[in-house]
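Chain naming follows the written order as A, B, C, D, E and F, and within any one chain the residues start at number 1.
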């Protein structure tokens, strides 16, 4: 089992039951999550020693809620700072059928986004760590975070840590040009990278593929530019409706493309965090030194499984993910 | 934006959660609705000035519930009378999958159905109104309502109001022969009419179409008899199960048939009021002077969207209906 | 209408809402059921006089819960004994989509399973009874129950009762060899038997069919060995996901195979007890002397209907099952 | 154990959670009850053989709900007729603290209230019955019911049955003068009568007591006029708030007054049916030939216990009522 | 009936069920409210024509939720602006018994608090208005709001409007010295003022009363300084626990003190908005020209009634408040 | 901050909402707890390093539920073993008002109770630990546990650990004579002991006190026999009803009795675990070297606070307990 450090913001999610619009909702479902926190929980479920570096409002019971959530899955909260600012929040009007979900962000002025110096400078956070994982949401939060993210990545590499990066582009936080510029500064340090077709086209300026094997085209082009990246991976999601999606995972390793079987996810209980569960699964495969086909099968199964439960995070251990892969869709176990 | 007056009964709906039969239900979901009230709410959501003419039991907190429901969407309750009688009620044992929903009516002796004189005679209800909308449920409620409906339609026309009529045949309220006779008295005054194939065949006695373009056949025949009707429209619903339906809208204008794209509605959250949302959408298109293709696209999208929320009424504004049409099924907005 | 006696254990089921895993569940749904109790309830719903012979913990409010459940459907609890031991329990982590349900049994040491003598020896339980129904779960519960089941079957036959037996093999209770041995002792007394392909292959040692009409092959072989069996029946379930299954019923009578239409069950609300609802429907058909095609249609419809409601037991009366068969999938009744 | 027949209407109750007003309620709690049905359930819980004579709408799933409710407690539904009309309904806006509960009746036109002939004339309903119980609500329902109640009481007496009558005056159903006249026709046939101070003063015209022992005064006066009445009983309820009441039971037998200890009921979960639980308890005491002090203690404890559970009916057996009396307020049993 | 304009911020309230702490809450109750909005709703319930002037985030479904909430009670949203910023939010960990409720504010950066110019300058908002009501929370929100509040008060007075002001001091928004300074600028324009003992002592620097009739002492002193104030009023709340409070209302008019009966509120469902319901009741009394004793009785009853329902606002009409006062605590109405 | 090891069984609790009896419950609330686990959680909340030694069924998702519960509060699960057997369960029919709660145990055959050797023999569990805490429930579980408890206590003492013991007598697990015998073997090793009047009288055979200061009498007598015990403590609970209790804490140290203020707990949300919260609070005071008066005030406040939340465990940190003590009953914090 490995040791992993992740870095990122945790948000409070307030969502409606499917079929209920926000103005008629008399209650909201409460969840806590964030891209990197979700990856941390996945990896803790698989038995790794995992830390989340983050920042929360001080003396605030919502911060305690976040800590309890992480601890319940065995994620260490030792590197979570507290200070001024609020807890980032978002509202999710849950979609169903033809009507997609609608996200209303209320995350400005959060404690994490307003960080203004490296609060982990003197920590021995990366000592003996195998992987440092961060997503593109973190540098998107502020100009200072664009610097600090790189600073922390360098700090991690000095400790001999591999760098895992999920591009995770969010158009509501920054634009393609800003994101592209920052990515070009980060990717030279990255070992494992979750990047998809749209990232290649719009953020990294790679030309569109006209051929059949498009994923190989994009991954080959990315790796040509950033030869330090050892593993590239992403999912392709076919959206039939908010309730029915098809999901296939792709992984590029040593010049070869691997793809998973396609999961027909219907009904989807909750798609938020599906990508994080995928990253968590792939990183587990890497840490466990699985072969590339097993990695992509495991990661995609983990993501499909995540879609069957409420909440942002994957709640299954490795044995359950494997049994799910082998059992066949929908079989009862009794 | 226009001014619209609708007329009709509001009922209390008591329904079970899907999967629960009435004898095992420890609670019922509570909703308020009625064909014309639902159209009123749709049009108020789209920004029009809307009034519902109706009647409720006096000094009864259920009447207050109805008023609050209508007001919350901006429908004026100024022309709602109060008097003796009860609030009409119905029970809905919600279907799922192969098992269709089951409606148990308990609407006899309601304040509205027992109206015995024109209580709106002296109101300036139709002044400056663009449309007066009523459905076939209202004349079905009593012999007197068959007269009064026509009287109010005439009163509206005298104010220069267009007449909108939704045939809305309910076999539990009257039979085909009674309905047909009344319809023949009403339709000569109607400008916009929601009528489908079954109405044409069984209420208006139009011969069955053997050709491909059957909707044109029926609409042409109706318009031949009632040349005053400018717009005819209806949906065709393909029922795969209580949970999965396909919905296509048709509109006949100036001798030409327009049809919408087909919406695959799965899962359906609540189909009650789907037809009213369709009428509301079409009337909005007419009031906004959209072209016929836009009208039928908007109306059908509004109806499909209504199927994704609990309750009888459409809860979306015009911008949301349009975004829904253009976004593609199930896309998340974040 | 007939008189039926069933024999078996009743369990408490504690289940999660779909989308919620057990560790995050703040509440469990509560249901009571058991293979034979479910058949009893079905038959009581259809108007027969039905008794369940069972045993429950004494002076325990959970036993009262079981009695109330049975009585509410009109099943007589007159032959339910009370004594030491616990109420058998199981946890159901409800599946959805690709993720199948997971059953965690906690049924050891139950009052029923620990029965150590024929507590119904002196009862006139079988007097005038038409059918005595038991399933393969009962002999699987203990070595003594293997004997007692046969003893009670013989006692029933002496009263002129027909024997109905549902093989209902559960690998967590005994292995194939043990089950096969016991079955060979029971089947010679059986009149109506629910047995499927897997039972034929693995419990009764019948050779695999290579032909098209495999069900005839298996039934013919079983009847060759146990010529006393008059009716054989089972369902074939095609599992697309935990939420979508296809179900077809088969019945073998006088050397001829009858099959039902295939029911597309989507979404499935609760599949537990689906087989019991099928047996209940078939036995009703037999008691009502329907022709074989009607029997298998009724039984399969009853089972499909059961999948649309929460809880182990079929809650529909005969008229509702028949209306469901004839109405067409998903039609609203209003 | 005895055999008891009760006669009365069963209503559907739709209520809000405390703290929620009807216009804001998105769901209603569902209960079934009626004064005589509640007494029937109490007596069935205590082990007696109990029948409810009533009438429900035919082919209506709400009627099935009522039957299941009664059967679950072991009350026989054999003498429940079905026919035209609706199921009487009422809404309960549940009070709390200073704000009392508010009842909105919607019971007109019910199947039971519209009975127009003795539908039990040819039944052997009273054969071997010990007690026939009816309350003053039944004759209040219609002019015909005033006759039929007396007819059925006479029919019962011919079978050797004792008559139990609970005055249960409801000002919304009839006025004091009408009630008084009918009571004077019924009371000459009554053996056991639940009547309180207000009944004595306003319905029976007994002069107000100026002395201390007012209950003796009223009971003595009633018995002076109706010497056939062997037992008179009632509770005195001190209302501190909707949530806190004090309850004391009184019983008059052979010229002597017995009173129970005073129960401090706080918080009250549901007071509807509290009087019926009291009557049920007293009748059980009479059937079991307890001494008068035990009867009034048991009846009052049963009523206090009823106030601690949701729903109209007492759900406790005799042993639980007795344990409750002896254990002391609020003791945990573990 | 009068016309009233109120001005203030509306917040989203997210609260737990009593007995559940925030970190274990899987859902939050959703309410919308604000001091002045609550007063507006009370007055609309009593039949007045009421407007709320406020500001909400633009193109945000939470703003639509606020509008629907206000409209459902008949409050006009015509003077609600939309613009940048967020919707102010707060979390309420609901107290019970000895444990008081805990409020966690998250209201910074709201659209209303960030207003930077008089957005109602050109509106005819105060035309024909009888009362303009605002509370001390509004000037506490920003330095600019201290100016703008006074500017709007002057604008209102120019239209001949009376000024109603509720001091409503919140220590988390500003300190006593800041509040005192602003109050001295506002009070010279005020006609009706809700002020209590603590306001007199700590904000207005009035000396402590040593005598019995302390309320007269404080009111006399306030009126000595601000002789323009015609009516002063407040409640005294005796806190036994979070669940049990005693409430007495006081009103000072023309040199005389009036006090209400004391309401024993137990259990309290929701105390948030209790003061606003009191102000709303008093203002109704003033508008209806009740005598002072009736005003203070009505206002205090309205406040006590508010404590019996969930949510920030009083949901009762004038007739219900009066019936509540006269009926006596906890009486059932049936 | 200290290091604490506790030892004990964790049970699954299934409970009804107040007002609902088990036979009518359609869902049960789910909680996990146990006397020593609850103490562990309290101490972890106060910032100590805490371990629970226990045993759970292997490969069982209910075991994972228990682990997540403990981890969420920061209790280490490192010394929790897994093996055969079930998870002990109990049902709680929640009392209210006069009706006390009713516990139905289903804890036989649990993994923990069936332990048959010292599974912690080779662990360095007690290294550097300050306190080892166990309650009388553990030795009550089996004859072997009577030995093993003492063996583990000795093992702890060898590591220099203080022994904390809560007598916690449960009559359903063993009788007074068995308990007394075992206690006399355990108490000679104990440093801090929770023991009350009934323990002194019935388990330790101390004569009844006739004087006023009875707690001093009992504690003096216990200490006379077991002079090794440094601190004795317990609460006195006055039970007005299941909903209202008064609670006073007593502590005996160096020959002197200290008592807390009396907490009026009304309404009680959940009294299960109230004693464990008290022990947890007292042990925190001891670890923090508070003076005896502060210890007993803190411990009793912690217990009172626990009664205001659902679930077995105290969920408050030390700062919250102290604020609760100082704030005064029911004050809102805003």
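Simple rule for what comes next: a contact is a pair of C-beta atoms (placed from the backbone, for glycine too) under 8 Å apart; a residue touches a chain by one contact, two chains touch by 3 or more.
Not measured: the values here are computed from a predicted model.
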**Request:** Would you kindly give the rotation angle relating subunit B to subunit D, two copies of one sequence, based on a CA superposition and rounded to a multiple of 5 degrees?
**Result:** 180
**Message:** Under the over-half criterion for shared residue numbers, do copies subunit E and subunit F use the same patch or different patches to meet?
**Reply:** different
**Farthest chain relative to subunit E (centres taken as mean CA coordinates)** = C
**Request:** Could you compare the number of C-beta pairs in contact for A-C with that for A-E and name the larger?
**Result:** A-C
**Request:** Express in whole angstrom the distance between the two chain centres, defined as the mean CA positions of subunit B and subunit F.
**Result:** 63
**Request:** List the centre-to-centre spacing of subunit B and subunit E in whole Å, with centres computed as mean CA coordinates.
**Result:** 41
**Prompt:** Quick one: subunit D and subunit F, Cα centre-to-centre, how many Å?
**Reply:** 46
**Item:** Sequence positions of subunit C contacting 2 or more other chains
**Value:** 21, 23, 26, 68-69, 102, 267
**Request:** Would you mind writing out the residues of subunit E in touch with subunit A in their complex?
**Result:** 14, 21-23, 25-30, 60-62, 64-65, 68-69, 86-87, 89, 91, 93, 102, 104, 106, 108-109
**Message:** For a test of understanding, state which residues of subunit E touch subunit F in their complex under the given definition.
**Reply:** 18-21, 23-24, 95-103, 105, 170, 172, 239-245, 267, 271
**Message:** Residue numbers of subunit C touching subunit D in their complex, please.
**Reply:** 68-69, 71-74
**Item:** subunit E-touching residues of subunit F, taken from the complex the two chains share
**Value:** 263-270, 304-305, 307-311, 315, 324, 327-334
